[in-house]
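Please see the structure below; I have some questions.
The letters A, B, C and D name the chains in turn, as written, and every chain counts its residues from 1.
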């Protein structure tokens, strides 16, 4: 464990979070109109008064900041306009687990797939296999996520009826235990498949770094040592080519967070993506703000976890 | 009985413009305990020659000739069979400074890998042997647990040597081994290699563009130009009485720290394009003693003195 | 003119801050990349700096070119203190000082044409009003460095040139503004020996023709001996020996200089070569050892070397060495 | 190989989920539980009656709570009030509550609850409760089952406004500390359903109220599943994943739905969105009913609906059309079902019959009393409106009327239409949403008080006899209208309203182009007892189809 590096990354992560929190504080106050409008504008008047008091919207900016930090730490992100009387925290608390489940499942399945196909394609760059895989990846990359989601839904749910048309679980089913798990997985198959279009990006990254890695001298050394093709491919080349992939997973995670807005909306999946979509069309600013804050936190945490993986994989990280 | 016989070896790279004849009819032999230095400008085919011996040509192929290791024809066996020969009988020391060691594994484990690939040895036995090998190259065995980036260039080069010795090979090919090392380190590593070669009675093929380094390390010298051997003979002869005009020019271009000659001569022009090499003597366009016949008449490698070969049409006039 | 104090460096020091492992707060420690170096380059001469990688010679060159800010010390060019020159002043100064880089493969932008690369400095300085004049100048420069000035050549890109040709392009680009002081950082170390001599010969020819002054950095003692008037040997950020080329090679005073010379494989193979080469490497240290920095590797080292830093002392007609045991 | 392990693991999870999922979900938990599932696309679902104002909320309220009456266009269906009376001024209303009504927790429902609800609603100015609170002056408890409400102004539409005034139990809500933030996740109501589970973005689930005072509910559970889009909701209905879609908004999908014999699509003809051709009736020949009727006949409404609104325009939330597919049985407009040619011929014949108009000559403009019929039509400069106007222009050319278009912005248009700038237009088109019935909607455009507009008809230039009472037709209309408001017998009321609309249409300086109706769809193979079309008319299907009115008749079909 390289503690120094880790602490630096942790510090960096906290800084990013601080920036996200501060932006979240500033944006409603910099918007045209007033912060009162952004926080409480569409709430009933009686509630507006309470929100104004709770966030100190009639006080100085510093007092507001202190209150904002206190409230944020307490998990109080305000009241949702469109879902009043539900609080933003309540809405997000309901939605977040589903989104995390979806995004992480998609990532956990896609990254190894991209890895394996990238290795296969990169190993024999220019071959027919490579060309085939590249065409597949590029098509996936070039196809809009929402379109793929819609096709999947139409074909597998509406036409074939293999999967449900909506939701994260059978509504009001009362399922428990394994049955519930099965139900949730059954509902997640199509959204996860749609999010797996990111496979294309991972595969391309893996393939390209694989091609570069294969030019490295240590590959020649490994081959000269008499290592078998698979050993050279996986133990030497792919192991090194994996590093940029890990980095890109972090970067791409932000992309699939965006993609989840489409996918969740199309599959009526009760996650943050649907929440954001609804918040946008109903101008529910507090909810939107809360959702973005949560997404920044999730992204930062995921990137940090990936950093930990990177730390384990790359012994060169010293500083 | 020479341990290695190379007969009329031809290696071509395939480009869209046509085959690049990187090695074009090279023959030589290597005796047990003998060290041969192969010298020439970049692009003369010396590295391709080494890679051909290891059957590691990428983007090209050995298109003709024979390589015999003792009685076995290396080019006729399947690649899987040849993998067993690699490293166990012929190993390769390449430029450690240019990434010949895999950055994500400890150097010790890379040596262990080489041992275990060929010898049926337990991990702990292999580590013991690794420690022994490291001692042999005057590296503290503790360093086996280090990653390449934690070691200096000289140390990495020593470890490459140790790795090359892993399976007690008969032949070691050293490709530009000391290039990019500092002069003192280069001297130290070179000394070590010479010492080991003598002590372990190794057969060595040393490839370098630095003639003076080869002069120190090798019994025999091969001078290559544009894919062909132009002169071959005992080191003392090559340095003391070079016969081929190219060899003479090459030696003349070296900087001698103790000479008063301010700037050495250079060789005008540049090596030919191996896609379409000149018909006759390949050096003819740059040669100052060449005759008209050289343009069309290809010189043969002939023995001008016992053990001293040369390929020049004008040799009789010059001597 | 010959003895003019053309370029002077006075107590020049560069420390790079480095934090210790696990250190998050507090003061960093400093790597002494270049430590209290002083020398004088004379007009029309070639001043060579020799040393192993990590000895600080490249940092020194970068400081001279204002690519790195010195921690302390002064630099004087033609008697003018240029240490604290700002960007505008440096831009003007670059018409007189230019740099030739080590890596002809990396220092030229691969997507630009030769014409654009060579013309870049004159464009930056808005020398020519029209493209035709500029083209003529570029062609002239290409001819000066021994390259074809054909239109075909002008439109080539670095990838289509050989290493030697690329380095010539680098030189043309450095000289196009009429610079007279050239800082060359290992200009030929990436080239084949046969081409190397060519480039060196070109540089020497240009030096004569244009009365250039070179600050030449190399790790090859042989090269320095061949072309430099004066040679400084650097070890771990300090100059350990400074003398005229012949003097330093033929009669080295410092044990490190001796080691560097001994380490060069002789042109005629010599079975006795290498006997004097000791084991040991340039250590990577953040805090230099007390006393003489070379003492951990030195066979002559004694208690004095461990405690006291040797000064550069003139032992013989301008032959300086920093060693307690000359 | 570690990576291979990870990969294999993930593939196994994926494959398992594909297999396990359907297996695990293959059968419902309890086969004897009857569940009605509806697909909705509305956003927010709340069960706090004081705050419920959105369509989704109303849909939920109408299942848990009940109003005194459900009123619509002067008609009223008794709910918690079994009968009512009012004085001559219509300023004082007395409601007699049903006997033995109970809250779902078993407490009796009394007049005190009504008073509490109205008082609280008025005092708190909450977003729920509809418009009635604006009128309510005092609420007096006469006895446990009688409550008297006085209103602040003449408001003959008071019954209409009571629709969303859901009566809440006093004994529960008195203890609520803050009504504004009360989520009310375990509501005690008087409706047939009890709210049981709410998962935001996913669904709302109800259990039947075993104590329902109005009768026995035959369905055990009802789930409103929230779908991301109309397409999905309709697909779910088509594939049998839900039993009904209370509001069909996707016009283009209806023909597909109708392909299935198991699906029934119905129309609630209580239009709440209109698109009109306004005609300045002060100008000749606009003042001639025959002329307007000919124009009305010539306009191809189906084109307007199909092409203009759905190719170029944005789709309004309430679908302003009756698609041809279901129009034949449910709607009527001039020329519906006729070929284009027949329609134009008839329109031409109507004009040709009047000697003031010159006879129709192909490609020429007719004259009226010698002047060519060049008519300027003012329209909002929006693609959908322009397209619609183009269709009208083409139709008019076919009957010899030359229409030129004048495009203006939405704001100026509305100002002209409703702010009195009549001099600036001859014809004009505009869409407009209205509450309640056709008559109410139109009336609201022409005066502050919808029920006074008829008295003021002459001042609007209506008719010419100018004796202060309006035209005979207008007076007759008004009489019918007054009677309709006091009519308790639904059959008589329906006849009256129909008569009013027929009479009115002939005189109207407005030609309807399209109208918005609520369309609903349900499966016939899961439940029987869906209310017949005529019962649904004007009832706001989204509020009542699954709620208080229809629910008692619904019976699950055992599968």
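Quick note on the criterion: a contact is a pair of C-beta atoms (placed from the backbone, for glycine too) under 8 Å apart; a residue touches a chain by one contact, two chains touch by 3 or more.
Given the structure is predicted, the values throughout are model-derived calculations rather than measurements.
With chains reduced to the mean position of their C-alpha atoms, the one farthest from chain C is D.
The most central chain, judged by C-alpha centres against the centre of all protein C-alpha atoms, is A. The largest tally of C-beta contacts between two chains is found for A-D.
Separating the centre of chain A from that of chain B, both taken as means of CA atoms, is a distance of 52 Å.
Note: centroid distance chain A to chain D, computed from Cα atoms, is 42 Å. Averaging Cα coordinates per chain places chain B and chain C 32 Å apart. Distance between chain centres (mean CA atoms), chain B to chain D: 90 Å.
Shared interface positions of chain A, i.e. residues touching 2 or more other chains, are not present. On the chain B side of its complex with chain A, the touching residues are 51, 54, 56, 83-88, 91-92, 94-95, 98-104, 106, 110, 113-114, 117-118, 147, 149, 160, 163. Within the complex formed with chain C, the chain B residues making contact are 41-42, 138, 152-155, 182-188, 190-191, 194, 209-213, 215-216, 235-236, 239-240, 249-251, 253-258, 261-268, 270. Within the complex formed with chain A, the residues of chain D that make contact are 1, 3-4, 6-7, 10-11, 13-14, 16-18, 20-25, 29, 35, 37, 43-44, 46, 48, 51, 124-127, 180-183, 196-197, 199-203, 205, 221, 223, 225-229, 232, 235-236, 238-239, 241.
By the touch criterion stated above, chain A contacts chain B in their complex at residues 216-218, 220-228, 236, 239-240, 243, 313-316, 318.
Of all the residues in chain A, the ones that touch chain D in their complex are 44-47, 50, 79, 82-86, 90-91, 94-95, 105, 108-109, 112-113, 115-116, 153, 157-158, 161-175, 178-183, 185-189, 192, 234, 238, 264-271, 274-275, 278, 281-282.
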